[in-house]
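Shared between the two complexes below is chain A, which has chain B as its partner in the first and chain C in the second.
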Partner chain A sequence: MIKKQTAKVLALRYKFLAFILFILAGGLVLLPKYQKNEGIKPEQLLSNVISSERYISTDQIAHKIINQDRSAILIDVRDENSFNKYTLPNAINIPLKKILDEEASVYVNQNQYDVVFFSNDNFYSDQAWVLCNRLGYKNLHVLKGGINRWFNTIINPPKPTEDMPEEAFNLYATRKASSMYFGVVYPDQVGIKTSELVKKTAPKQIITVQKKKKAPEGGC
Partner chain B sequence: MKEMEKIQRISIVSTLFILVVIIGLLTYKRPKNIFTINTKPSLEKLTTDNFFMTIENSNNSNFQLIDVRSSYEFEKGHLENAINMATPDILDEENLSIFKELKNKNKTALLYGKNPEDANPAFLILYQLGYDNIKILTIETSYFQNKLIAKNREVEKSENDIQAFITESAKNSDATSEIKTVQPVKKAILLQQKKKKKAEGGC
Partner chain C sequence: MGPLIPNHLIPLEWNNIIAIIIGIAFGFVLEASGFSSSRKLAGVFYGYDFAVLKVFFTAAVVSVIGIYYMDYLGYLDITQLYVHPTYLWAAIIGGAIMGVGFVAGGFCPGTSLCAVAIGKLDAWIYVFGILIGIFIFSELYNFIEPLFNGDFLGNITLIDTFNWNPYWFIFIFSIIAIIAFAVADFVQKKVKKVFY
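The block that comes next holds the complex of A and B.
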């Protein structure tokens, strides 16, 4: 008798367990929805976005280029036409559309170099930054003001007026000198020894980007 | 007797198992905000959709103006009928509920700040959270005699032809001089070919 009863209970138990496991398996159907939550949390992204740490000024960039600082990769996120028309020296063109492509991720997702996005202003470059930052990419920066500010500060710096402090004059002198480096010729510059100005070609810079190795996943 | 012990053990284990699952379910907190679009689709949408709005077209009952500048700036002056929602507070519950309400009413929220760049971060975050009823008002605001003045501004407009400016400057100085414009050499970049991913997992 006892055996029979226990057998009955046993069978029920298994049914019950199987039922619960079925329900749990049903939960798996809901999972794909949560995969969309890729990258960092919205709150984290917001706090990254409102800090202006990502911005780098045109003066800093000019300084870097002139000193042949190789720690930064400049990425032009405008379209190809604008890139061909004018871009910063040594910049790479990755249009905003392609910024998340496989080929682009070699430049964008690495730890060796600083990456500086720029566009005409800092609107599209900010968008590139936000998307990449959400994915957790490191060392990303944005050129504040973009190409337009580059023109207004470095290529064509405004001349300080008499009543401005000395710093303004110093800044102007630096900017003027850098604009000369980038090819602008000033009328008062002719007559000085020209030979010095002519060849200051930046040496070829070779960047080898190594893809981050991912830790193996899975396994038992 | 052995049989009985076995059954007991199974029942204990099964109740424990179920308990653990139930506790897990009860303590699981759904994150408050979840991105509903992944980065790639949102990039695709960002580059194809038009999400700009000029101020002339904004005077419509279908739109709700939202000022993302700080409350101090907002107090100083703002557009008519605008709501203040500073960018850092954009994920607050009441602010998000405003967006939800607008979405239910089929209204479009128009974000504006000091300039379009200023409204960009808030727009991007809300956009990725799934609020697609949001546009950016492309205006630049400034103050004139303590009154806010808004004027249209084209986003990402190329203001100057720099290459032309440089060649022009060389011409103006002295055509006969030997100065040549220096074009920094393009750097060669060696890419490491991406290796095929090895198969992951498996037993």
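The block that comes next holds the complex of A and C.
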């Protein structure tokens, strides 16, 4: 008699446990799924922001453009007026306000090409970089110094004084050659007797106007 | 351990202590449920005692439901969990060999150590057999090596391979578990009881 009762209780206990298991598993199916934080974790974003490996120097960008290296997409994050006045060749204009739009994500959210943000100086391009890096986009870079440094190093390279090492002279030579590629006319190269340098704005398409070989300038 | 240490609720050094405590509790529970008896363990294959089946299924279902609930609540991140690497044919052949050892000896490696702790002689012989098997494997490793390292499919799960919805998979898995328990009870009533 007792055995029958314990058998009954045991059966009920197992049914109860099975019912609880069923409810738990069913709850897992039925609970509404929500999107947790989209993008990378905050600690990772912080370590990405602190490290300086996102910066590309202006020399590297000039090198890429001159070699017609199509692996980089240049994105100008300034507004339209500044973009229309002067920009790097083959750059796309995505103003900072629109960097998260659908049409911008075609350029920004892909793994094939490197994306280089630039603006007048680092600040806006860094902001664009942080926004896109937070969402986990890959291959993002920032042009260090932006257009200002582009002018100061490539378009208008500073002439090295006599006490600088040879690398400085070589660097000046390459920069002067790159500036000639981008349309800067030097009077002593062309032979025009003018007292000031004529700075043309760099064209939007890559026009090979004056493409000279990168020979060192001094000591002929 | 679980959601406590990755979320920095307790310091990292508690990992080992919690591991020891869990191990002690595990051994205690194993012995208390009678898993040191080789007849109870081999009963799955003869049909008079399905305790092993029930334990395995319960452990799998409880852990997978717990993990997915914790992932839903944000305490855990499923993508960060470690998954064992899958070597297909090595797993199949190794599993078959282990199955033969299980039925023949009546112990798994874990429960054999449990039985050693209570002093059963057949557990000592079982452990000695494990050591002999390890020795044979290491001597024959040159021949077994392509089998051992071949068919590496990566650290994948069933859900990754077949692209199932994980929640439905868990639900169906727990339904299967409940059905398996009912069938096991049914079979157990029909089979002749063995004294152990």
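Simple rule for what comes next: the second predicted complex is superposed on the first by the 154 of 220 C-alpha atoms of A that agree within 3 Å, B and C clash if a C-alpha of one lies under 4 Å from a C-alpha of the other, contacts with A are read in each partner's own complex, and residues count from 1 in each chain.
Just so it is clear, a contact is a pair of C-beta atoms (placed from the backbone, for glycine too) under 8 Å apart; a residue touches a chain by one contact, two chains touch by 3 or more.
This one's a predicted model, so the numbers in the text were calculated from it and none came from an experiment.
J.: Is the number of chain A residues in contact higher for chain B or for chain C?
T.: Residues of chain A touched, chain B against chain C: more for B.
J.: Name the contact category of A:Leu131: first (chain B only), second (chain C only), both, or neither.
T.: A:Leu131 contacts chain B only, not chain C.
J.: Is A:Gly26 touching the first partner chain B, the second partner chain C, both, or neither of them?
T.: second
J.: Of the partners chain B and chain C, which touch A:Asp121 in the superposed model: first, second, both, neither?
T.: first
J.: One more residue to check, A:Val49. First (chain B), second (chain C), both or neither?
T.: first
J.: Touch check for A:Asn90: first (chain B), second (chain C), both, or neither?
T.: first
J.: A:Ile99 in the overlay: touching chain B, chain C, both, or neither? Say first, second, both or neither.
T.: Touch partner of A:Ile99: chain B, not chain C.
J.: Examine A:Phe169 and indicate which partner it touches, taking first as chain B and second as chain C; both and neither are also allowed.
T.: A:Phe169 sits against neither chain B nor chain C.
J.: Which parts of chain A are touched by chain B and by chain C alike?
T.: In the superposed arrangement, which is not itself an observed complex, chain A uses residues 24, 36 for both chain B and chain C.
J.: List the residues on chain C that touch chain A in their complex, please.
T.: It comes out as residues 61, 65, 68-69, 72, 74, 167-168, 170-171, 173-175, 177-178, 181, 185.
J.: What does chain B use to touch chain A in their complex?
T.: It is residues 3-4, 7, 10-11, 14, 18, 21, 31-40, 42-44, 46-47, 87-88, 90-91, 116-117, 120-121, 124-125, 128-129, 155-163, 165-166, 169-170, 172-174, 177-192, 194-195, 198, 200-203 of chain B that touch chain A.
J.: Which part of chain A faces chain C closely enough to touch in the complex?
T.: 14, 18, 21-22, 24-26, 28-29, 31, 33, 36
J.: Where on chain A does chain B make contact in their complex?
T.: These residues of chain A touch chain B: 3, 6, 9-10, 13, 16-17, 20, 24, 34, 36-39, 41-43, 45-47, 49-50, 65, 78, 82, 85-86, 89-90, 92, 96-97, 99-100, 102-103, 106, 119-124, 126-127, 130-131, 134-135, 146-148, 150-151, 155-156, 181-187, 189-190, 194-195, 197-211, 216-220.
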